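Both complexes below contain subunit A, partnered by subunit B and then by subunit C.
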Partner chain A sequence: MTDDTAARAAGSTGAPPRVGFFTDTSVCIGCKACEVACKEWNAIPEDGLELTGMSYDNTQGLGASTWRHVAFVEQRKPLGGQEPGVGHGNHEDHEDIDVFAAARGLGAPPGSPLAPDGRTELRWLMSSDVCKHCTRAACLDVCPTGSLFRTEFGTVVVQEDVCNGCGYCVPACPYGVIDQRPGDGRAWKCTLCYDRLGVGMEPACAKSCPTDSIQFGPLEELRERAAARVARLHAAGVTDARLYGADPEDGVGGDGAFFLLLDEPEVYGLPPDPVVTTRDLPAMWRHAAAAAVSLTALAAVCFAGRPR
Partner chain B sequence: MAECHPVGFQWVMEAKARGAKVVHVDPRFTRTSALADVHVPLRAGSDIAFLGGIINHVLSGDAYFRDYVVAYTNGPVILREDFRDTEDLDGVFSGLDPDNRSYDPGTWQYHGTEARAASGQRDQRFGGSVRADGSVSGAARGESHGSGGPAISRTEPERDETMTHPRCVLQVLKRHYARYTPEMVERVCGVPRDLFRQVCDLVTENSGRDRTTAFAYAVGWTQHTTGVQYIRAASVLQSLLGNIGRPGGGILALRGHASIQGSTDIPTLFNLLPGYIPMPHAHHDRDLESFVRADEAGKGYWGNMRAYLVSLLKAYWGDAATEENDFCFDYLPRLTGSHSTYETVMAQLEGTCKGYFLMGENPAVGSANAKLQRLGMARLDWLVVRDFSLIESATWWQDGPEIETGELRTEDIGTEVFFLPAAAHTEKDGSFTNTQRLLQWHHQAAEPPGEARSDLWFAFHLGRIIREKLAASTDPMDRPLLDLTWDYPTRGELAEPDAEAVLAEINGRDAGGAPLAGYEQLEGDGSTSCGCWIYCGVYADGVNQADRRKPGDRQDWVAGEWGWAWPANRRVLYNRASADPEGRPWSERKALVWWDAERGEWTGHDVPDFQKDKPPGHRPPEDATGPEALSGTDAFIMQADGKAWLYVPSGLTDGPLPTHYEPQDSPFPNLLYRQQRNPVRHLLPPHPDNRYQPSGGEPGTEVFPYVATTYRLTEHHTAGGMSRWQPYLAELQPEFFCEVSPELAAERGLEHTGWATIVSARAVVEARVLVTDRMAPLTVHGRTLHQVGLPYHWGPNGYSTGDAANELLHLSLDPNTQIQETKAFAVDIRPGRRPRGPAALELVRGYRERAGIDERTGTEP
Partner chain C sequence: MSGSDVSRDGVEGARPGRDALTGAHAGRRRGRGRGERAVVPDAEFSSYYGEPVLNRPTWKALDIAGYLFCGGLAGASSLLAAGADATARPVLARTAKLGAAGAISVSLAALVHDLGRPARFLNMLRVVKPTSPMSLGSWLLAGYAPLTVAAAAADVTGRYRVVGAAATAGAAALGPVVATYTAVLISDTAVPSWHEGHRELPFVFAGSAATAAAGLALAGAPAGQTGPARRAAVLGAALELGAFRLMKRRMGLAAEPYETGRPHGLLRTAEVLTAGGAALAACAGRRRSRVLGAVAGTALLAGSAALRFGVFHAGVASAEDPKYTVVPQRERLAARSRPGGAEGGRP
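Moving on, here comes the complex of A and B:
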């Protein structure tokens, strides 16, 4: 299924272009405004005060009551790539400046120790995770009530008044995003602020992001912007930069919310090669059907061959 | 900045997108460091050594902007023969009175003249140094303020344009900073010299005609016993590099929270009136004329002091203020000494301060030596707390730490405590003034819930009710209250005063009641009123100029139609300096304002900070005063000599040049001078709960071997009143923790996410442990130094709780500002939770005994 047909296949005609998030983690400052704005807008309950010791990440992961989660990863690696690629205004009069050429000359010279133990440099990665709004969404496939549906924007949303709390969607998600809320039982996840999109507003997290790390817009446009951004970073020598979830050919048909990462996905707690968990369902049903037919035929033969 | 000002940091990211390089100097690796090009970890409390090193690099390598320095700074000015620098006196300046811990600044003056400071201790030299209270050294301006004194000198100081005279400021500066070598920086600050040189290169290569560098700082610079001199060091550097008054330059104070800039402009400070007019002194400022004469600078815009002050008095007392009664000058409160927040605590302990308003402040958590704050409040007759939440400062009498230790018993406390819920900024109209002096108006979005009310509502109705109660009074003491103009219109069910009416009063009116357009219209004859002269024009044409919101992409890059900046909507102060002495921009790339010879006026992108029609070649007549005395090249129009001050001849209590001293409590001796600490730092009277620690090589120093620093996290707000009660914020940083390096954890057996006990001579607190590479051990004075990071948001109340880091702090203050030294002190740290109840006191007592601490420790000049 392509992006264009995702919404149409769900029955929307004349649908707006598919929208999503491009989360550029290279400019995230870890302020967690997205987490708070998400909870405020969507009236999500606080879900536990626990000092985890995972750097400044006391949220731990996405869940029924956490729809944005900022990961903090401390690494003994040089700084790099924390260069903004998007501005708020016109910069045409500064286009002559090669910022990356300037940036290359920076950073402590290799081997100059900052500490007696010979440590050189430190890198603190920050990344705001969210529901991926997969092109091929397993949660949606397995939902027996139709509570999970694909919107006219191509996003995947749970209808809280339809969900019966069966929980099938929970193991179906290849990213471990959707979850049941304790004491409530229903499944909850990011709606990409469906109620805001309907009135022409951008999602709360993107609105609150001070550095444009979270960018909202038509998916096609975001993918182009992201590709250009990676190219610039590669040209600047930030070879670690890569996109995650931007490929329509990947195991989930591409994500509606994709990322620019500065390290392997596992470093951020993301699966390296997610596959829609319902991928094998048709084959499984075919096998099951074949088995059923065989068994029926066998039974028929048995009954037919029975001496009267 | 990313850590505490994430919204403002978007502009740093924009600058980076345009090629800017970001250097972050901080003991910790923070969210700012994560996005910076270079992070420089240094020892907390050593910044003057670091900045002094850069100054030395600039001076010794002739990397300063010579034309700018000659034209716009006091670099060429010649100093008095009897001035002695720290080079001559091993760490102190001439004029030191060690017994009173104060300086007589007489010898710091220019040769053959006297200059008034644009701010600070403006009347310092007015008649010598009479002191009302010998125990308080030069704390408030009044402390060194006599009656009578020399007439203000209007002679031009002697100059050497070649800046080679041995007593000219630039040469004095060179000698003063010669010992701040990269090797010294490495030993004192723990910054490797290669990294230091890299910073020097970045700063100098990015300064000059075509480029400018900006410095941004926060309380990491101000909260020291030498805090003002930290900022001064940056001022020296920026003036040398020509980075003041130019786009992309400057020194930016990142304020602690919204409108702290506004609260100094229209101050909540004891020693200032609105617009930085000094508060008069009880014994010396007997009438308007002598007050104005003492504080009026001969040259520059402070020469119009009378117009600013009389207009203020007219705003306060309206028709009651007349020429005959000195415009009610006698109604103004008077200083009798320092009445800073910490002196107020001491006065509470002595029983002389009996009532206390806390409005949006939580000193039981947020002020240094939080215990003394609580003990002081326990001696009050009454206490009014206005806040969103039931903060520790409102509940210490029933569940504070001293109740647990038995030092206080609820039934013994006579303080009557009133808690009044406050409205949030979304629940009221008003303005915020940010660090760049930009006023931005905000509108009420919702009615405050329940009994919550705005501060404006509280102040107005409190005043209204007091005035009603006093209406029949014939006591002259009540006249200042009864004569006040107190007639703000109110609206709505809650009778909320109209905030715009207050703004209109601040803006000022002419004799006919029409709004003024700018401060140059103010008169000293009572025909104008103005609540704050620098804000004059914010309500020009009867329009709330602070409420303008034209988006940046619909106007030029200065964006002068977004909000309103004081003064006169200027976005860059002293921007005359963005042009050369002839009035041409230093470079096209950095053009801001310039002289248009054809039209005979200053013009440009920004509002020129200069008399519009004064040509660059203007030379004032000999007898000119005030703004008229400024020449066409006196770009620094508020200064008494029109120049940026590399050297401060007047206005500072602790020396004309920034000099590195060790913090009050420091594990290290001062490697640069024999003088260990700031000799005139402001110590409070001895108190058993405010003991200082041995420092440097003194016996007992080793008992507190680690440097500690306090700070804030993105997730919380100052002392927590606005964040610890918010579940969405509390869950992001749920409890008090300390940050230590893996090396320190190994040395002291601290476990990640386990508990640590942190001890000073004042108190003991406990915190969860975060072991992180972001705290780097440094090599200082040839040995490994570990630093302990302590976010200070927590207290026992609220949804997210913990001990308050400020329990550990002493009261040793900057002598200019009375700011506490919370950013660098010494502690011990050990694994496990702290003892409870009286055992906690025992632990601290044991530490004091081991370190040999008594009431004299650390009080040497």
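Moving on, here comes the complex of A and C:
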């Protein structure tokens, strides 16, 4: 299933182009504006105020009442100093500025923990996680009520007036995104602001992101932008940069919300090679059918013996 | 602020006991619990502060593991009921029919109770969805449960015998599917210890269903009529234990949760009870002892229940530890990137 057909395969006719998020973690500053905007816009209840000791992350992970989660990773690994001015290559007015040369000129003030090349001992990775809106979505596949559905934008949304809280989508999600809300009983997750999309607005998190780390748009365009960004980072010597979830050939058919990461996915709490569980469903049914036949045969053998 | 200076060459003026390195040993470690020490050394892998990748299944153990047990008991009992009817074993038939109707009623109650919104249980029949084992299972139960109740009612009242015979036959046709589809239900998730067993788990559940139904028959029917139940106990135990061993051997790292902590205790208990119950059942047949039969039957029922709870808890444990999600996926990626390795891991 390619991107354009995700919505059409689900029955939408005359669907708009598939939209999604490109989260460029190389410019995330960990401000959590996305978390706040998401909570505010979607009127999500508070779900615990805990101090975890996990760097600046007290949100911990995605769940029924957390649809954006900023991960903070502290690493003892030198990184070319943070470059706040790196553009996405599409801002024409900044095209002629060589920010790397500018950054090199900053130099280290005397007595600071900076090596002569301007690199620090610590690198601090931040990444705003969200529902991936998979092309082949396990939560949607296993939902027995039809509460989860594919929208005309190619996104995956829960209809809260239909969900009966069976909880099947929770263990089905290979990313640990969707969850059941205690007290409410129903399953909740990111809707990619379906209500805002309907009137031509971008999702609240993307709107609030001050560094354009969260970019919203048609998926095709986002993928082009992401590929260009990776190439630019590689050229600048940030060889760790890689895309996650952008490949339509991966185990979930590509993500509607994909990422540019600076380390392995599992460092950010993401599965390195997620697979939609229903890929193996035909094999599961075949084995269950064989087991059912075996059970019947077993019973037949038991009764076919000499009567006692 | 600390008075020490951090530089590329290390920390100057460091104070003792304050060298908490960034990223080293990060994360909150849970207690490993009791149980056997793993023979294989801990796999090296990265994680986000040791937090799980997956969300923990929200199913309640008593409801869902209880349903796995009751569904198996009901499904295999329907087979015994049909066989007993065909071979003129009336007490065995009645025990099995009442057992099937009772167990599936308890199952339905447990399933509705587990819903976050029990009042909306009828939404299960809102659509027919082949990609959702729970949707197909709901429709299966909607057909199967009334058949078992009709079969039991006709047997107890002695009226509408033709309807009763048809219901018994229908329940026997659907019973094996009810007993084995539950394996698909839990395998069709991202939970490593459930998903990786998707080939063998239906056979484990089929064997466990046979031992449970045999156990109920042994406990409820006189020794003269329980010959088939005793054979079912022995064959079912062999199928269950054999398939389970095979499953653990073939699922790699995901087998570990079955061999540690509480799941291991439950599964070890299940093994002893099932094997012991089957052996006792065989003895009970030779001695024609009703008491021995009842003891064997109770052991078989308890063994089947312990197996379902063990499998349930092992799956939950595998979802709570990022190791079982990350390491096999890493190995899969490594195998794929090796020259000649098209598909990694198990086929």
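Basically, the second predicted complex is superposed on the first by the 245 of 308 C-alpha atoms of A that agree within 3 Å, B and C clash if a C-alpha of one lies under 4 Å from a C-alpha of the other, contacts with A are read in each partner's own complex, and residues count from 1 in each chain.
Just so it is clear, contacts are C-beta pairs under 8 Å (C-beta built on N, C-alpha and C of every residue); 3 or more make two chains touch, one makes a residue touch a chain.
In this text, all values refer to a predicted model and were calculated from it rather than measured experimentally.
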- line: Comparing subunit B and subunit C in the superposed model, the one touching more of subunit A is C
Message: On the A-aligned overlay, A:M126 touches which partner chain: subunit B = first, subunit C = second, or both, or neither?
response: first
- prompt: Which of the two partners, first being subunit B and second being subunit C, lies in contact with A:L295: first, second, both, or neither?
  reply: second
Query: With the two structures laid over each other on chain A, which partner does A:E74 touch: subunit B (first), subunit C (second), both, or neither?
result: both
- request: Check whether A:K39 is in contact with subunit B, with subunit C, with both or with neither, and answer first, second, both or neither.
  value: first
- prompt: Counting only touches as set out at the top, which of subunit B and subunit C does A:T135 meet: first, second, both, neither?
  reply: neither
Query: Which subunit A residues contact subunit B in one complex and subunit C in the other?
result: 52-53, 74, 76, 113, 115, 122
- prompt: Within the complex, which stretch of subunit C touches subunit A?
  reply: 5-8, 21-24, 26-28, 45-49, 51-59, 75-76, 79-80, 83-84, 86-87, 114-118, 120-121, 123-124, 126-127, 129, 131-135, 138, 176-177, 179-181, 183-184, 187-191, 194-195, 198-203, 205-206, 209-210, 224, 227-229, 231-232, 235-236, 239, 285, 315, 319, 322, 325-326, 329-330, 332-333
Field: subunit A-touching residues of subunit B, taken from the complex the two chains share
entry: 2, 6-7, 9-10, 13-14, 16-19, 21, 29, 31-39, 41, 192, 194-195, 198, 202, 552-553, 713-715, 727-735, 737, 743, 752-753, 768, 770, 772-774, 776-779, 784, 799-800
Complex interface listing, subunit A residues touching subunit C: 52-54, 57, 60-63, 71, 73-77, 113, 115, 121-122, 138, 141-147, 162-168, 170-180, 184-187, 263-264, 266-274, 277-278, 280-281, 283-285, 287-296, 298-303, 305, 307-308
Query: Which of the residues in subunit A come into contact with subunit B in the complex?
result: 27, 29-33, 35-36, 39-40, 45-53, 55-56, 58-59, 74, 76, 79, 82-91, 94, 97-99, 102-103, 106-109, 112-117, 119, 122-126, 210-212
